[in-house]
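Once you scroll down, you'll see the structures, which are given as structure tokens.
Next, two complexes with chain A in common: one pairs it with chain B, the other with chain C.
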Partner chain A sequence: MTPANTTSVKPQGRGIRQTMSDLHTWAGLLVGWLLYAMFLTGTVSYFKDELSQWMRPDVPHQRVLPDAAVVAQNVSHQLTTLAAGSPQWSVYLPTERNPVVNVFWRNAPTDVKGDKGGNRRGFEEATFDPATGQRLKARETLGGEFFYRFHFQFHPLPVLWGRWLAGFCAMFMLVAIISGVITHKKIFIDFFTFRWGKGQRSWLDAHNALSVFGLPFHLMITYTGLVTLMAMYMPWGAQVAIKTPAERAQMSAQLSAFPPPIKATGDKAPLASIDAMVRQAQARWGANDVGRVSITNPGDAAARVAVTRGEATRVSMSPQYLLFNGTTGELLDVKDNVGAAAETRGVMYALHLGRFSDLHLRWLYFLVSLGGTAMVGTGLVMWTVKRRSQLPDPARPHFGFHVVERLNIAAIAGLSVAMTAFLWGNRLIPADAAGRSATEVDLFYGAWAATLLYALGRPARRAWIELLWIATALLTLLPLLNALTTSRGLWHSVAAGDWVYVGVDLMVWALAALHAWLAIRTARHKPKLKTKPVRAAQVAAAAQTSDTPVNARLNEDRA
Partner chain B sequence: MMHLYTFAICLVGFAALAMATERQQEALFHGVSRVRTRQYRRIGWTALVVALGVSVVNQGWGFGLVTYSGQTSMAAGLVYLALIVAERRRSR
Partner chain C sequence: MAQVRRAARLNVSALVSRIVAAIGGGYVVAALASVAVLALPMDKSQAVITGMLASFAIYAGAVVWVFAVRSAWRAWAGLLVVAAPLALVAWAVSSGLVTGGAA
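Our next item is the complex of A and B:
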């Protein structure tokens, strides 16, 4: 980049770039704090299953994946007594990443009315050990599911509110990405540019690099994120086009992996062999590619069994299942494709979730997404860095600046503390405590609120450094806490070949190192205090350093 | 194993593209040469196309494109970090 080409480009580009730059700045700032949280919790959710395993230390480590057909048969046998009278069971078979059987069943209609103080959700869940077929008594926790649900519906907000809020943020993200690309005029020339130790310039270079390298991912993840909930955000097209119940059933068949419901006859009939049905599915898709067995009207003459394909071997979430007659075991329907539009949605959905990933691809997803988190974070910090140099008196900033600065601290450093506190809660709250799952979530929000109070009460720079050190300490001690409170400390996990536990412990230490590095960098940073008006300061600086042309141009590049 | 090959090709591609920029040529060769820029660009883009081809042939369009997209992002990021480290060393 030379001064000559900067000035020659400006006359044509300035108008639209200036507008887009303002749009980018303010769209980004308005939702930036929530976006940062969505990005970070979403990133962690790529390892949701592993995190859930780590958060249920009472569930023993499984060395081998048992045969899905045998497991499905054993568990459905247990359910005939455990969930008698239920209109539907869903059995999620174990996978390499989630080695237990998760079962959901709807309560029998009479139960819901009779049981006033009990479960109002209308369904029950249980976890089974695939090796023994017995029910597992694991501690009650949302596990990695909490971060997952937080990232698109801000659990425990009411689902509808949370999802609308997330959609609002995602829409602004899309606006910020597109306006950011238009603003960034030297995408190719500055592709590999980083200018160290140049204050605002360095922040801008880092923000640009993080944005540009991950651009395909950022666009994909934002757009597909909106697509996953599109039926909720924009229902009108479907409402106008689809009116009759038959059409509605057709649409749901395109999108839903649950076969259409069927009325029970009331005549009792035993279930046929589930084992044989799963074997047929395995023959079609592969031994480990059966995801779920759903049994509708079990024990009734009108029983139906749907065996659904897993998520690991295809880049699509479109429904694929085999439908069987539950009493005769006869194959009734093979659902293996959907229309082009529905398939487009299925592929986008799958791209967002990345559940098809092997370990290599999952790490790529995680790291690029972490880069996206850093992109949002650097963007937020840059807002204050740029304005601090223009403040009349940096020691006493105006109210807006003060608010943004403190919210940045709580949103970025505070979130790390809160997320780690959630994991601490998982180990410290007694395994049999009542409502412990909700207590863990409360702990997360409590810790987060505490960091905000802390950020409000301390000088900004000290608050950054101290909260980053607190996060470092919590992260560093977490594997030790794990070793003290469970029998599955790092050495034990290594000896047992339990790579999920080893991975989580090591990853936590890696994140601790990252936070320590950030804390040290912040502590070493010496802000240049400019008490003079901006222009005078620039002229003064011009006499001393050769960087000034770069800094002076900054305000024109990205005001 | 295949992942490593395609990732390595992406790394070569981005390293070459970095060498094609004026800033890096100034730093490494103390001067910008048009011939050099063109050659490095050609190497860089060829490597990226080859990596895409290898990915798609090995894993099909779906998985191939997703993997390629992730690998290019990571490779560009690694080259970028390497350049920063190199520059920091030079300036010491």
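Our next item is the complex of A and C:
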């Protein structure tokens, strides 16, 4: 509502709904732009693996998922030479969604000190073709991982800063949800209310419908988002209670699927059969439910092998693994349960990531999450729509209004342009260019900054329409660019039955259509000079659900 | 006119006071609760995790409280009323006077 009336000394008589409405408005506005970006990149991250596949066209399409045990054996054999002297290898086995083998290994201690070769993070990575067991040379890119890391740490901000910022925004989101619900007295009735073509009313109805429709999801996703990083946000209990190394190990066993570290003896001993260990895990969990094989002290007499369960078949991220003696192959430990609180945390974590979901559920996640993005977006736009009618001279808004209006354009329409530019960069930057992964990210931020400059330089209405059309054009041409720059155009993908590539190309077109439609709606919209409050309150369009909000006008603009 | 200006300044300072109470005070209450939970008779690592899990709900509740009540003074008073016993328990836990269950 309007900012507090400054002339009344005692703001008495302002009911809880009014104060909660103010809280909702201002908490939402302050972090709304970042929240919108977190929501949209998070939404896209439900298809992170698929997007990563699409962004590495040099990696051939895999038709069948090879046996995990054979793959683990082959890859660990290669690592004995490739990662010789490393204290730990982690082999992430192929899944249906990510059909390659990703391997990380810690650098040998001498490498880290020597500071030549090796990389600064202290570990190396490589990708293997599960079918041939050969190392894959793919273009250097973050792939879908970029949106994922942007979503919770604003990559490439320093990780600590980025995560605190994300947590701050998430906490505001939680408060905005609760205050929004308290504000909303007719939460059920309004869900079935949609007043078309009524300017501010329509925006309010759209915002309400989006919020109420997805309320359980929004609440869940916000809270579980905080839970994923809770040890960082709320470290105090652990600091008080966890002091000895034994307590630390006990705590970490509740949260982490990495077994406790063990000292190398220095005596050499060959690794036992990894294949046999993975088979034991497969017998326990199922053939395709082995997620990772971690080998500590490979080649040493104190070698340990942990075979960790995958993420796809249970709704929990709590640690489950089998621990083997690496030289004898003897099963040392079966980790299959954690305490109640730790399991709760594991379930919440899994609910946030949605990795357990099959394709249908994944689409539902995506759509509801897109609804959440639209909820934040409509909320932001409503702030300007509501205040525009109260401006003394709508043609010359005050500074604050001007700032919000322009940031809205760049944060909403501009983000679509920037994210698409990132994908364009993936196809246009030469595959062997040095530092191309960082260049892609630079392109994302460069494009985003450009849209902000554009939004500042054009009349608001024109800026909305033009940026939406630019996003439409970039999205529409992307599958064509893909067909021109790779041998995996839509036609080939269909012929080869490569449904990930087909899916990404078609999805991009669907999003292009959405943007075109929003652009047309905005362009056709004629703002009313004066609203008629009495009549507006009477007209209530009947039940419209998820698809109506995007129908709402994108912006009421100056005449 | 001067009166109006003074009133406006009062209002702004009350608002700032509430914002500080919400963001800072709310976090302190949540943090204290996440330590105080260690006094519960349950396994130590589970208690730590329970405290973390619940802390965000407590934080959000504190923020809503701060803006729901009639004045900034009440907001602070409410936070103090909750924080004081939590702080006492948290202090007892951290100095080893109270140990929860298996700990």
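Here, the second predicted complex is superposed on the first by the 511 of 559 C-alpha atoms of A that agree within 3 Å, B and C clash if a C-alpha of one lies under 4 Å from a C-alpha of the other, contacts with A are read in each partner's own complex, and residues count from 1 in each chain.
Note that in this section contacts are C-beta pairs under 8 Å (C-beta built on N, C-alpha and C of every residue); 3 or more make two chains touch, one makes a residue touch a chain.
Predicted, not measured: the structure shown is a model, and the values here were computed from it.
Peer 1: Quick one: on chain A, after the overlay, do chain B and chain C clash, or do they fit? Just give me the call.
Peer 2: These partners fit in the superposed model.
Peer 1: In the overlay, answer first, second, both or neither for which of chain B and chain C A:T344 touches.
Peer 2: second
Peer 1: Considering only the touch criterion stated at the top, classify A:M230 as touching first (chain B), second (chain C), both, or neither.
Peer 2: second
Peer 1: Considering only touches as defined above, state whether A:F194 meets chain B (first), chain C (second), both or neither.
Peer 2: It touches chain B, and chain C stays clear.
Peer 1: Quick one: is A:M171 in contact with chain B, with chain C, with both, or with neither? Answer first, second, both or neither.
Peer 2: second
Peer 1: In the overlay, work out which of chain B or chain C sits against more residues of chain A.
Peer 2: Touching more residues of chain A than the other partner does is C.
Peer 1: Is A:W383 contacted by the first partner chain B, the second partner chain C, both or neither?
Peer 2: neither
Peer 1: Mind computing the angle chain B to chain A to chain C from the CA centres, in steps of 10 degrees?
Peer 2: Given the fit on chain A C-alpha atoms, the answer is 90 degrees.
Peer 1: Tell me which partner A:W285 touches in the superposition: chain B (first), chain C (second), both or neither.
Peer 2: neither
Peer 1: For A:V240, using the defined touch cut-off, is the partner it touches chain B, chain C, both, or neither? Pick first, second, both or neither.
Peer 2: So A:V240 only meets chain C here.
Peer 1: What is the contact status of A:F356 with respect to chain B (first) and chain C (second): first, second, both, or neither?
Peer 2: Only chain B is touched by A:F356; chain C is not.
Peer 1: Could you tell me if A:V368 is touching chain B, chain C, both of them or neither one (first, second, both, neither)?
Peer 2: first
Peer 1: With the superposition applied, I'd like the minimum CA-CA separation between chain B and chain C in Å.
Peer 2: 19
Peer 1: Identify the overlap between the chain B-contacting and the chain C-contacting residues of chain A.
Peer 2: In the superposed arrangement, which is not itself an observed complex, chain A uses no residue for both chain B and chain C.
Peer 1: Could you pull out which chain B residues touch chain A in their complex?
Peer 2: 3, 17-18, 21-24, 62-63, 66-67, 69-74, 76-77, 79-80, 83-84, 87-88, 91
Peer 1: Report the residues of chain A in contact with chain B in the complex, numbered from low to high.
Peer 2: Listed in rising order, the residues of chain A that touch chain B are 1, 189, 191-194, 196, 209, 212-214, 216-217, 220, 314-316, 347, 351, 356-357, 360-361, 364-365, 367-368, 371.
Peer 1: Could you list, by residue number, the parts of chain A that touch chain C in their complex?
Peer 2: 4, 6-9, 11-12, 16, 19-20, 22-23, 171, 174-175, 178-179, 182, 223, 226-227, 230-231, 233-234, 236-238, 240-242, 247, 250-251, 254-255, 339-342, 344-345, 348
Peer 1: Touching residues of chain C toward chain A in the complex: what are they?
Peer 2: Touching chain A: residues 4, 7-8, 10-11, 15, 30-31, 34-35, 37-38, 43-53, 55-57, 59-60, 63-64, 67-68, 70, 90, 93-94, 103 of chain C.
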